[in-house]
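Input: structures, listed below.
Shared chain: chain A. Partners: chain B in the first complex, chain C in the second.
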Partner chain A sequence: MDTMRTDMKERIERREDVLRRLKDIFINNLNLNLHPDEIDPDAALFGTGLELDSIDAVEIAIAVEAAFGVKLRSIASKGSFRTMNTIADLIMEARKE
Partner chain B sequence: MNPLDRTFHDSGVALEHIDGVAAPAVFDSVEAEVAAIRGSVALSAMNHVSMTAIDGEDALGFIDRICPRFLHINPNRMKQTVFINEKGDYLCDAYVCRDKDGCLLLCRGIESDAFVSWLLSHKRPLDNITIRNLNQTHSLLAVNGPFSWELMADMHDPEIIGLPYLSFYHPSEDVTVFRAGETGEYGYLVCVPHDRVADNWEQLLAEGKRYDMARAGLHALEYCMLENNFFNIRKEGACRNTPAELQIQWRVSYHKAFLFADRLKAMREKPLARRITGVYSERTLVEGMPVFGEGDARVIGTIVNARRFLSGPGHIGLAMIDMPYAVSGIDFYRVNEGGSEAPLLTVSPPFVNNRSLYVDPQVHAYGDRNSIVFPPVCGIRRLLRNAP
Partner chain C sequence: MTNQSKSDRPAITGMGAFCSLGGAIPELTEAIMTGRDGIDVVRRFSTAEFGTQYAAMIPQDRRDALMQRHSGLEPRLAMAVESGREAWDDARLGRHASHRIALVFGICVGKFGDGSKSGAHDAAAVRDPRLQDEVHEIAHRLSIEGPAIAVSTACASSAHTFGLARDILDHGFADAVMVGGTGDIPIEMFAGFYALGAMGPAPCAPYSVPPGLNLGEGAGFLVLERGNRRLPHVYGYLIGYGSSLDAYDATTPEPGGAGVARAIARALHDAGIGGEEIGYVNSHGTGTSENDKSEWLGIRKALGDHALHVPVSSSKSFIGHTGAAAGILEAIITLIAMGRGVVPPTLHCSRPRRLAPVDPVFSPMPRPASYSCAVSCNSAFAGANAAVAFGKNDHAPASASGGRRLYVKGAGSITPAGPDALMKCMEAGVGLLQLPGSGSGRIGGRILGEIENISDDRTLDPISRFSIAASVLALRNAGMRTDERPGAGIGMVGGVSRVPAASLREFRDSINQRGLIGLSSRAFSRIVMNAALGATAKHLGIHGPCSNIAAADGAGLLAVLAAIMVLEHDENTTDMFAVAMDEPGPEAAEGSLPSSSSGSRTEGAGCVIIGAGADGRSGTSPHIDGIGLAGPGRAEEAMRSALGGRDPDGIDAVFCSLDGTTATQRLLDHAVAGVWGAAGTSVPVIDCTPALGYAEASSSMFAFILGALALTRGLADPVRDRFGCGTRTLSNVMILSVSQINASAAVLLTIG
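Up next is the complex of A and B:
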């Protein structure tokens, strides 16, 4: 990481920061009995993976918008909340990163 | 060879040997077969899936003892996991299905006889169970697609529309319908006796004409698995990586006491050195291709599963990329294709917007599909943003 070019290093760190905060939101809001390291960024959130339901989705959407100060609903589609990484994509797009 | 496989063999369908059986690889063209899976309905033969029945009063306890995932599972529901063997390798991926008198296991990545032998090797003398290799008596068909529920309702029972994802039922004593699939679309697996499978196949094809159904082979199914980031034990699963590196930690439970918990614990204690990551390139991606980092010749990863993208331009794939580089949304990496460098973008799978997300069986029908507003199938946000 020390030898990495600065712009790439910053991009990776910003992304990892968003993922870290997202995992905290999921764990705290949904009372998940998981360590953040046990949540894979590309694992499905609904159906399989974390096995969340539609009520969880609403709660998470509200919490994410509040925590990151972004409006996701205008740019989100039905496929936007499929994984931590797809939500991170939305957040970074909303923040124009 | 079951009667259906014999038909494929005799009629010259391209076959591929996988887990001890010759599975139909391609019927027509991968492109046409994927189009059916993504847009209407596709029918597949799934005899490369090992089917095992474990009956008896100790059946659930027996599976629980060897399964790395907590099995808090209600009757007629199923859970995905990955079995780990005594060497700490992935043995196969699996659906564990809790039936009223025991368990059904649907596994990929292992021959059915070898899986039964492995199960028997862990049976204790006092375990009151019987283990049956269902592949000897039954065949498995798959129906996938955003309108597969409509065909299944026609063929079996209108109530099938309400069958929850990862559940199953027995429409008759020796037939089982599972609501499961790995294409990202509505999917069903149908387990039928060998002596009826050829008739069932023909009936589905005949009924399926109303839905423009196509037959889909292994290559189309595995392509759709890649587009939807379903774990493929033949591709990324063949790497000797930890569940965290493969992003399949949800398939295991680190805190569960099972027969090979020490092997799983050893995998967990390894530092996260690399991680499977979705990748996209406008140029050709090939499995085994090295991924280069930031403007120098340093190799930071390897492509482990890749195909030409059928829902957009370019190629998609999965790469095992070193930490800390294994992050989505990075466009600094490169691959070397045919002696020239090409940019590689890390992206967040799934790579597609599945039609099934937008089809409501309570409201829609294949006949009025043109009234449904679908987004572009391509699900890579970066490509959509850059589209003219």
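Up next is the complex of A and C:
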């Protein structure tokens, strides 16, 4: 039981780290004028919410590949870029977390 | 009304091409008929960083020979001159007087720096490139002395030339128009498309696998002439044309293809035919998933059930994506195929992708097919679409359009002298004097924010913001809201001069800092000349006809002319925006106001809305009473066209905006003397430049706006005295643009 709890805790920490780095990418690479705490990881990225566009999608994919070694474009359709949390899930899954 | 003549369909009397398939039409034809493509491994520069090796480039030996024949010319200009001469000879254009031949030429961003190295980009090496200078050079080498106009809508540039060329012929401003385009592949363009994830890993297979595009290079020309003359030979007729705006995104098309559908539907309506008469569609078909799918949805929407039977193929599988030359080269291939009784195949294809055309002509060879109408369509960054319909026969003559009265519905401007300085001139009666704030030479961000209601300009560069600001002001001035008229009856024509300075700088900086592999996709999308037009259309929700006149000096008035001609031709369009914008960069803008005539340039934008038909406002607004267009240095001819036989003595003032050179002043004086001196009278000439500075594209728009304002508000006494107008009320004014490098343009405005 204790081992499971520790594994779970570490997994949660790793995911939080991914989310933190994703926020940095969004702020720096997309020139978003927001503080990390102001970004809702469940907010829609495109259309409404953060109102990103197709070029932002490109920049996200490039930056994520550089930062995490995960090729987002080959494993995801644009629909799965829905929120920052869904991107974090994709990254975690690709790294077999 | 204006002097539009009966519209018979333009005949196509000459062809020329230079591309990866060959250096002339016979080689191009042989390649299409034998299924030979021009896509190969790139050898001109290393593509190791880019994960794709393929492009349709001119083989090195043929390129070297070309450069030898045209020493001193950039390769893309050399290809243009070579294919232009082929088309000229083919059409035997020496039959026409040079000033009765016009040029409408599609061209996109070209020179970024020393393209052979991927290293540092020296800002000094490429300062503020002007596409019109290249078009002027082409006109000169082809002995064209009529209007020569650069059209720049990125990947659809040479497709959009057909609309303007047809309108020029319909109005009798020329007897023959050469339409064409050119595009080459600087390494920066390769890097840019790679950054967008658009490149394919293999020779491109539109509608099949793997997805992705290949770039290509080449140039082409067609010659259009009035159909009702004895002609040496005719390849076909331009029976219809349509264009539209997606108003959706800077690089990706609207996913449902609604913009493409509108352009095709307009072309069919223009031709007076139904979708069932179309025997072949030559699609834009770049090979990317987004483009191919959304374009097919648009074709299906426009052709209805017939789309399930019509062959749709992409010539980009033969020649790659040739950028600004795509429209003309693919139109040429369409005409050749129709004439030969075949449909060209889509090459390199195996299994169809989901949402591919029902009949994508997957075959290594063309398929025999007899048809007499075809459509070629193209789409571009910033959502500009065009569709051109060709026919073997000229079909019934177009019905003369209804002769609606066109009027100036609204105007807006943004200059360093503040928003709507021109309006303030008139309202406050201060006339063309120095206004507060004008000395800074720059437009403040806060002012823009207040007008556009855009606080977050993360995705917009300065020129886009100027354009949006001016258009919003014009919209408010007109008392319009675009959501009043759903159905895309409102369109927009842009007038531009140079590659947007801030975006070009950001693009070059990103390469210098991070190398080609790390270039900014955002900046790449903004260095196309129609980026601001697209951003403005998106902000305002404008989906109708479009074009982008990159003519530099006087582009604003040329955009107004183009907008007027669209409204005269197409009764389904109710309003047209014409918006001119300049962003020459901080170095050029310093010290440019208020009395500069030294050639330094100012920033800003101006917009007018031309409306058609009668509504409550039109009775009190200035009306378009005549238009004129002629070659550079032929301003008298342009003004006489606009006058249409009226007595010049009835003109109360001429408005213009000169660039400050003695040459331009002389052109103006000569033209005014020719019209008024000959009649034994004189006319006050109002040059707007001293008060507002000189903005290459926008100044002629400011002159138009001032002329319209002068008619509606009257000029205040200080201004009348300054310009010797006397005390008479203004009823008729002439707006004039004189240029040595593009055209002479005139619009006659009247009120009451």
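In this text, the second predicted complex is superposed on the first by the 93 of 97 C-alpha atoms of A that agree within 3 Å, B and C clash if a C-alpha of one lies under 4 Å from a C-alpha of the other, contacts with A are read in each partner's own complex, and residues count from 1 in each chain.
Here is the rule we use: a residue touches a chain if its C-beta (ideal position, glycine included) is under 8 Å from a C-beta of that chain, and two chains touch if they have at least 3 such contacts.
Note that the coordinates shown come from a computational prediction; the quantities given were computed from them, not determined experimentally.
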{"item": "Which of chain B and chain C A:A88 touches, first, second, both or neither", "value": "first"}
{"item": "Contacts of A:L30 with chain B and chain C, given as first, second, both or neither", "value": "second"}
{"item": "Dominant toucher of chain A (residue count), chain B or chain C", "value": "B"}
{"item": "Partner chain(s) touched by A:M4 [first = chain B, second = chain C, both, neither]", "value": "first"}
{"item": "First, second, both or neither for A:V58, with chain B first and chain C second", "value": "second"}
{"item": "Chain A-touching residues of chain B, taken from the complex the two chains share", "value": "80, 165-166, 229, 244, 247-250, 254, 272, 276-278, 294-295, 324-325, 327-330, 332, 348-350, 353-354, 357-358, 375, 379, 381, 385"}
{"item": "Complex contact set, residues of chain C against chain A", "value": "195-197, 249-252, 456, 458-459, 521-522, 525"}
{"item": "Contacting residues of chain A [partner chain B, same complex]", "value": "1, 4-5, 7-8, 11-12, 15-16, 37-44, 47-50, 77-79, 82-83, 85-86, 88-89, 92-93"}
{"item": "Partner chain C, residues of chain A touching it in the complex", "value": "30-33, 53-55, 58-59, 61-62, 73"}
